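Here come two complexes built around chain A, the first alongside chain B, the second alongside chain C.
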Partner chain A sequence: MASYRQGHGEGRFAVAGRRLGRATLVVIAALLILLPIFGPMLAPNDPEYADILTRMQPPSAQYPLGTDAMGRCLFSRLLWGARITLVWSAVIVAAAASIGTLIGLYCGYRRGWVDLVMMRLVEGVSVLPSLAIAVVISSVLGLGLWALVISLIAVHWTGYARLVRNTIVGESGKLYVTAARAMGAPSSRIMLHHLLPNIGSPLLVLATHSMSAMMLSFAGLSYLGLGVEPGVAEWGRIIADGRNHMRTDPRLVVAPGLLIMAIIISLNLIGDALADLWRSGSSIQ
Partner chain B sequence: MLSSLFHRLSAAFFLLLAISIAGFAILHLMPGDYVAVLMTAQSDGIPPSALEVAAYAAANGLDAPMPVQYLRWLVAVLTGDLGQSFSQGRQVATMLGAAAWNSATLTATVVASALVLALPAAIAAALRPNSILDRALMLFSVAGMSIPTFWYALLASLLFVLHLRWLPSSGFSTPIHIILPTLVAATGIAGFLARYLRSLLLEEIQRPHVLAARAQGYSAIGVLLRHALPNALPQILTVMGTQIIHVFEGMLVIETIFNWPGMGRLFVSSLMNRDFPVMQACFLTIGGGYVLINLAVDVSVTLLDRHSKGAV
Partner chain C sequence: MHRRTFLSLGAALAAITAAGFPEEVLAKKGGTLVVGLQSEELPLKPESARSRFYTRADVCDTLVQLDRDMILQPGLATSWERISKETWRFKLREGVTFHDGTAFDAASVKNALEKITALMPYAAGLLQLKEVRVIDPLTVEVETLAPFASLPNQLTDAVTVIHGAASFDANGKFVKPIGTAAWKFVEYIPQDRTILERFDGYWGETKAAFERVEFVLIPDDQTRVIALETGEIDILIDVPRGDITRIEATEGLQVISAPISGVNYGAFNCAEGRPLSDRRLRLALNYLIDRELVVKAALDGFGRPAWQFFAPGYRWLPQNVTPYRHDPEEAAKLFTEAGYTKVDGKWGKDGEPLVLNVQAYHNGTGNGFIAEAMVALFKREGIDATLNAGTYDGMVEFAKRGDYDIAVQYWTAEMTADPDLHLTSQFKSDAGMNWQSWKNERFDALVDKGRTLDRGTEWDAVYTEVQQILQDDAPIIPLSHAIFVNAFRSELKGLVIHPARLYNLKAVTA
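This part shows the complex of A and B:
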C-alpha cells in the first residue's frame, strides 16, 4: 500500500514517521498476543456472574464499561472474550496454514499426479462459496464451537496450499536445492529445512491478512447463532446479546464492535507493513 | 481460444457435478436415519416404527443403492422437484424461487451502487495520485474492509431507524426497504473496488499507447476514459465476479439482520431449524450460482482478451 511513497527523495520526517508507524504496529502486535494471555487477569469481575440487581448499570469504578441486561460486567466479558475470539481464530488460521503448507510443499516439490489432483481440488474448493460450505459442514457435524472450527479449517487450507505450491515450484530450481540434493539430503529434509524457511515471509503475510478475515467470519457466525452457544463471552455473541437493548443502551453494542474493528484494522495494517517489508527485502537480494 | 472455452466449460461441468454430489450427501450425512427423519417430519413429529420405516423406504425406492438413489434424486432436482420443507411442509422449490429472486434483486442493487460510487472515485484518484482525495479513499477502503458487517448493520439501523427515523427498520414491503441493506453491503465493496480500480488505472496510464495519446495533446481524463479504462476491462470484469460472490456471502448476515426474505435468510434459518431439504436446496443454488457466475466472467474475459490481442 505504501510502496509507491518509498524511495524517491524521501524527507527525514517521512522516514521518521514511517519508523514510528512501524514501531506502533510492533507494539500493537505484542498487545494482541498478550491480551488473551494476561487480559483475563485484569478483569475486575467474574464474566459469567449475573445479578438482576446490577443489570444495565452505566460505567462506574467497579464496572468500567457498565453491565449488560443480565447484570454481567461488560469489561470483564470483553477481556475474557479475547480467549475465545482471538485464540480460536488464531488456532483455525494456524491449523489451515499448517495443513495447506504441508500439502503445498509436497505437491510443489514432488509434482506428479498427486500435485495434479490436489491442485484441481484446490481450484475447485476456492471457487466455491467457502462460508456456505463451512456452515453446512458445521451443521452436519451438529453446530457448536468444535463443528465451526473444523468446518472453517476445512475450507481455508486451500489458499496456503496454492501459495506454498507455487512458491516452491519457483524455488525448487534454485542452486541451494540442487546443492542439498547433490549432497544426498533426503526429500523431507530439503522440504522442511531448506525450502520451508525460504517461504516464511509470504506465508506470514497471508496468515496475518487471513487472521483478520477469520475473526470477521468467526464473530459473524457466532452473532448469527451458528457458532458458540448463547451466553458464551465471545465478541460476536456479546454484540448479539446486546442488540435488543441497543436503543436504550448503545454501549452494549458499540463497545465490543469498536474492539473488533480496532483489532481488524491493526491486523490489516500489520499485514500491509509485513508485505512492504518482504517486498523491499526481496528486491535488495 | 476454442480449447480454452472448452476447458472452462468442462471444469464448470465437473464442479457442478461435485456440488450436486455434496448436496445429495447433505441429506444422507445428517444425524439420524434419513427415512426416519423424513417420516417424522411428514407426520408432525410422531416417530415411525422400524416396520413403517422399512415399508416406506421400499415403497419410495429409498432402499436402493446410493448411486441409483443419487441419479433418481438428480433427475428430480433437474425437473424442479426439491422435496418438502421439514419445518414448514411447503414445497422447497416454491420457497426457493421467491427467495432467489429477492436476493438477486438486492445483490444487483448492491453491486450497481458500489460500482457507481467506486468508478468516479477511482478515476478522480488516478488522475491525481497522492492527493487528499486519494488518501481519503485509502482510509475509507481500509475502514470498509475492516468493519464487521453485522455490527455495521446494527449501527446503521440505530442511526437511520431508531434515532433519525428516516428509514423503515426491516422487511420488504416498499422499495425504500432496500436502501439500508444496500448501504451496508455496498460500503465495504465500494471501498475495495475503488482502491483496486485506482491501481489498475494507474498501471494502464503508464503504458506506451496511453503516453503517446497524452503526448499528442489529448486531455488526461479523455485518455483515461478512452484508452486506459477499456483496456482494464477484463480485470474489472474479473474482480466484479469475485465481488458479486463476496456480496452473496455477506447476504447471510445482512438479510438476516434486515429481515430481507432472500436466500441468505432462508439458508441461515434452515441451518438453525435443521431443515435439511431447504439447506440442501440453498446449497445447490448458491454453489451452482457461483460456478455459473465464474464461468460467465471467464468466458467474457476470454472473448475480450481475444479482442484486445487482435487489436494490438
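This part shows the complex of A and C:
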C-alpha cells in the first residue's frame, strides 16, 4: 500500500516516478516563464489585426485555432495574452508579497498596538470575498489596467502579512535572534538580514500558489470588463469576447479556458512540489 | 380539499388538455407574462434618463401617439390644431380614468405637463412650454415660448405622458406612475424586476389578455438566452446577436426583428487642438470605414450600415441627402490634403503618428462591439486608436472633460418622427449634450427656423440642408441604424415591433 511506503520505505520506481514528475514540473515551469517571452514570437499573426472578412474561420494552417468574431487570430491572441495575464499576475503577486512581508515583519518583530491594529485589518480584509472587493475598488478607481492592478494588490497583501507575521513571531524567540540582539544589531538589521532569509521558503510557496489565484482573479475581472481595454489580447477578455458566440462556436471560449486551466494546474503542482521541498528541508534542520 | 383549490386545479387540467404543454406553463405562472431585459426599466425615476418605460410598457399614455408607420394618431387627445404660431389646441378623450380611479381631464394635462417640465430639464427643452391653459374640461391650449410646429410630435415622447395628480407629492416630486394605459404599476424591486397588473378600466380597444407582466432584469446576454430556453421568461428583449440564428432554429422559440428608430454613431471631438478639429480628417474617417463590415462583425449582420445620421426611408423626412460611401481613395486624398502621410503603413503628421482616443459603453444595441469593430477597422487602415468601453456615465465623464476623440453612442434619433429633438439636443452649439465642441452657425440658424415651420416645402428645404450640413461638416461618423431583435415562446401571439420600441404587450395572447 502506497501510504505505508513513505520516506525510506519508498520503492525504486516510486522514487524514479517522483523524480520524473519533478522534472516534468520544472519543464512546465520553464515553459510558463518562457511563454510571455517567446509566445509572441511564435504567434503566426498580429493579435489585434482584425480582418472582418475572415471572421469566425475554423482552424486552418494560417489560423491554428481559427479566428474570432472580429476576424482576429485566436491562437496569436492566446500567445500574446500570456504576456499580459502572466506578467501582470506576477507583478501583482510580487507587489502584494513585498507589501505584506514588510508589514508582517514589522508586526511580528515589534508586536505592540501596531501589530494588534494591522492584524485586525488583515482579518477584516481576509474575511471579505477578495474578488468582490476588487470589483468595488476598481469601480471607484475607474476602468483600466492600473485600477485593476491596484485593487488586486489591495486585497492580496493580507495573506503574506499574516504568514510572515506568524512565522516571525515563532522565529523571534530563537537563539540567533537573541544573539544578534545581544551583539547590538539594530532592529532593521535583525529584521532584514536575520529574519527575512529564514522565511523565504514559505513565502515562495505561498507566492507560487497565489500566482494561480491571481491569474484567475485577473482574468476574471477583465472578463467582467474591469481590466484591459476591449480588443486587447488578455485571456479573460478573450473569453468574454468569445462568450457571445459560445453556443454556436464553443472553440472561442474552450481554447482560452483550457489554456488557463492547464497553466493554473501546473502552477498549483509547482506550488505543491515547492511546499514538499520546503517541508523536507525544514525537517532536516 | 378547498373548493377554490379544486376549481383552479380543474381549470388548470382543462387548460392542459385543451391546448397542451404551453398552457400549462402559463397557468403555472398565473397568467403572468415574464419579459427579460438587458437593462433596467426605472418606473420611479422619470428624471434619471430619458426613461421610456411609461409608454414602452403601456402604463401611461401620451396625448398623441405614433403608429407603426410613424404617423401621428390620437392618444389621450383626440384631435389637435395650431390656432396661432405659438399655440396648439388639444381636444381630449372622454371617459378616461386613471389607475387610481380619478378622472382624466384638462386639469390633469395641465398638472402633469407643468410638473414634469419643472422636474426635468430634458422635458422642458423638449416642449418649450410657456403656459398650459384649461379651456373646458376636455380642451387645453398649450402655448410655447416660440413658434413650435413639432409640438404634437414632441408629445409622443415618453416623458410627456400624462401622470395622475397622485403621481407627485406636495413638493412636486415624482412618487410613482399612475397612468391611464393598459397596465397598472404594482411594484418595482431595484436591480431585479418591475411588476405590472392589468388595468380593467383601460379606455383602449385592445384589452390585455394576461393578468400580470413582470419585467425581469437579466443583464448578462447568455443568462438571458438561457432564461428563455428554460421557460423562466416568455419574451427576450434584445437577443444577443450571436444567438439569433440558433434561437430561430430552436423548436418552441421564435425570433422577431425589424428596423427601429435608433443609430449608433461616433461623435467627433471637434475642439481646437484635437486632431478631429480638422474637417478633412473627419470626412476621411467617414470614407474610410466600411459600415457593412462594422455591422457584420459587431452585430452578426443584425444592423443597417449607417451612412447618414437619420436612417433613410422615413416618409416624414426629406430624403435627398448625399450619404457617405466606402471610398478609401477619397479618404487617402483627404488625409493627404490635411497634411498627413502614411509611414510604415500608419497615418501621421510631422513625424507623429495619429492616435485616436475612442470612448464607448456597452448596451443592448451592441454599442461596445460596434466601437470595437470601428477601432479594428481603423487599425487595419493604418490609424492607431485606443478604446475604452465601460458605462454610459463613464463615457459622458470623458466626453465632458474633452478627453476623447470619438465617443461612440446610441440615440433614438427618429423616435418622435420629427428631426428637431435630436438636432437641437445633440448638435446645436449651445445644446446641453453637445460635448463635441462642434459649432456651425448656419446649422444653428436653420434648426431654430425649422422648428417654427409647418411641414411643407419650406420645412423640407430646411431639413434637407440641415442633414446635408451634418454630412459635409461631419461632426459624427454614423455606424449602424438599429434593428430590434426579440425572441419569444412560440405559443405567444400578437408580438410586433414598433419603430419607437414600444413593446405593446397588451396585444399579446397565448
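Remarks
Rule of thumb we're sticking to: the second predicted complex is superposed on the first by the 279 of 285 C-alpha atoms of A that agree within 3 Å, B and C clash if a C-alpha of one lies under 4 Å from a C-alpha of the other, contacts with A are read in each partner's own complex, and residues count from 1 in each chain.
Keep this in mind: a residue touches a chain if its C-beta (ideal position, glycine included) is under 8 Å from a C-beta of that chain, and two chains touch if they have at least 3 such contacts.
None of the values given here were measured: they were computed from a predicted structure.
Once the two complexes are laid over each other on the shared chain, residue contacts for A:V27 go to neither chain B nor chain C.
Once chain A of one complex is fitted onto chain A of the other, the partner contacts of A:A16 are absent, as it touches neither chain B nor chain C. Judged by the touch definition given at the top, the superposed model places A:L192 against neither chain B nor chain C. Which of chain B and chain C touches more residues of chain A is settled by the count: it is B. Look at A:G231: by the touch rule set out above, it reaches chain C but stays clear of chain B. In the superposed model, A:R243 lies in contact with both chain B and chain C.
In the superposition on chain A, contact is made by A:V253 with chain B only, not with chain C.
Once the two complexes are overlaid on the shared chain, A:A94 sits clear of chain B and of chain C alike.
Of the two partner chains, both chain B and chain C are touched by A:G142. Contacts of A:L131 after superposition on the shared chain: chain B is touched, whereas chain C is not. Shared interface residues of chain A, touching chain B in one complex and chain C in the other, are 142-143, 225, 243, 246-247.
Remark: chain A residues 48-53, 55, 69-72, 142-144, 225, 229-231, 243-248 touch chain C in the complex.
Residues 221-222, 225, 240-243, 245-246, 293-294, 296-297, 300, 360, 362, 368-369, 371-373, 375-377, 379-380, 386-390, 394 of chain C are the ones touching chain A in the complex.
Those residues of chain A lying in contact with chain B across their complex are 1, 4-5, 123-124, 127-133, 135-136, 139-140, 142-143, 212, 216, 219-220, 223-226, 236, 239, 243, 246-247, 250, 253-254, 256-257, 260-261, 264-265, 268-269. Against chain A, in their complex, chain B makes its touches with residues 11, 14-15, 18-19, 22, 26, 29-31, 129-130, 138, 142-143, 145-151, 154-155, 158, 162, 245, 248-249, 252-253, 256, 267-268, 271-272, 274, 279, 282-283, 286-287, 290-291, 294.
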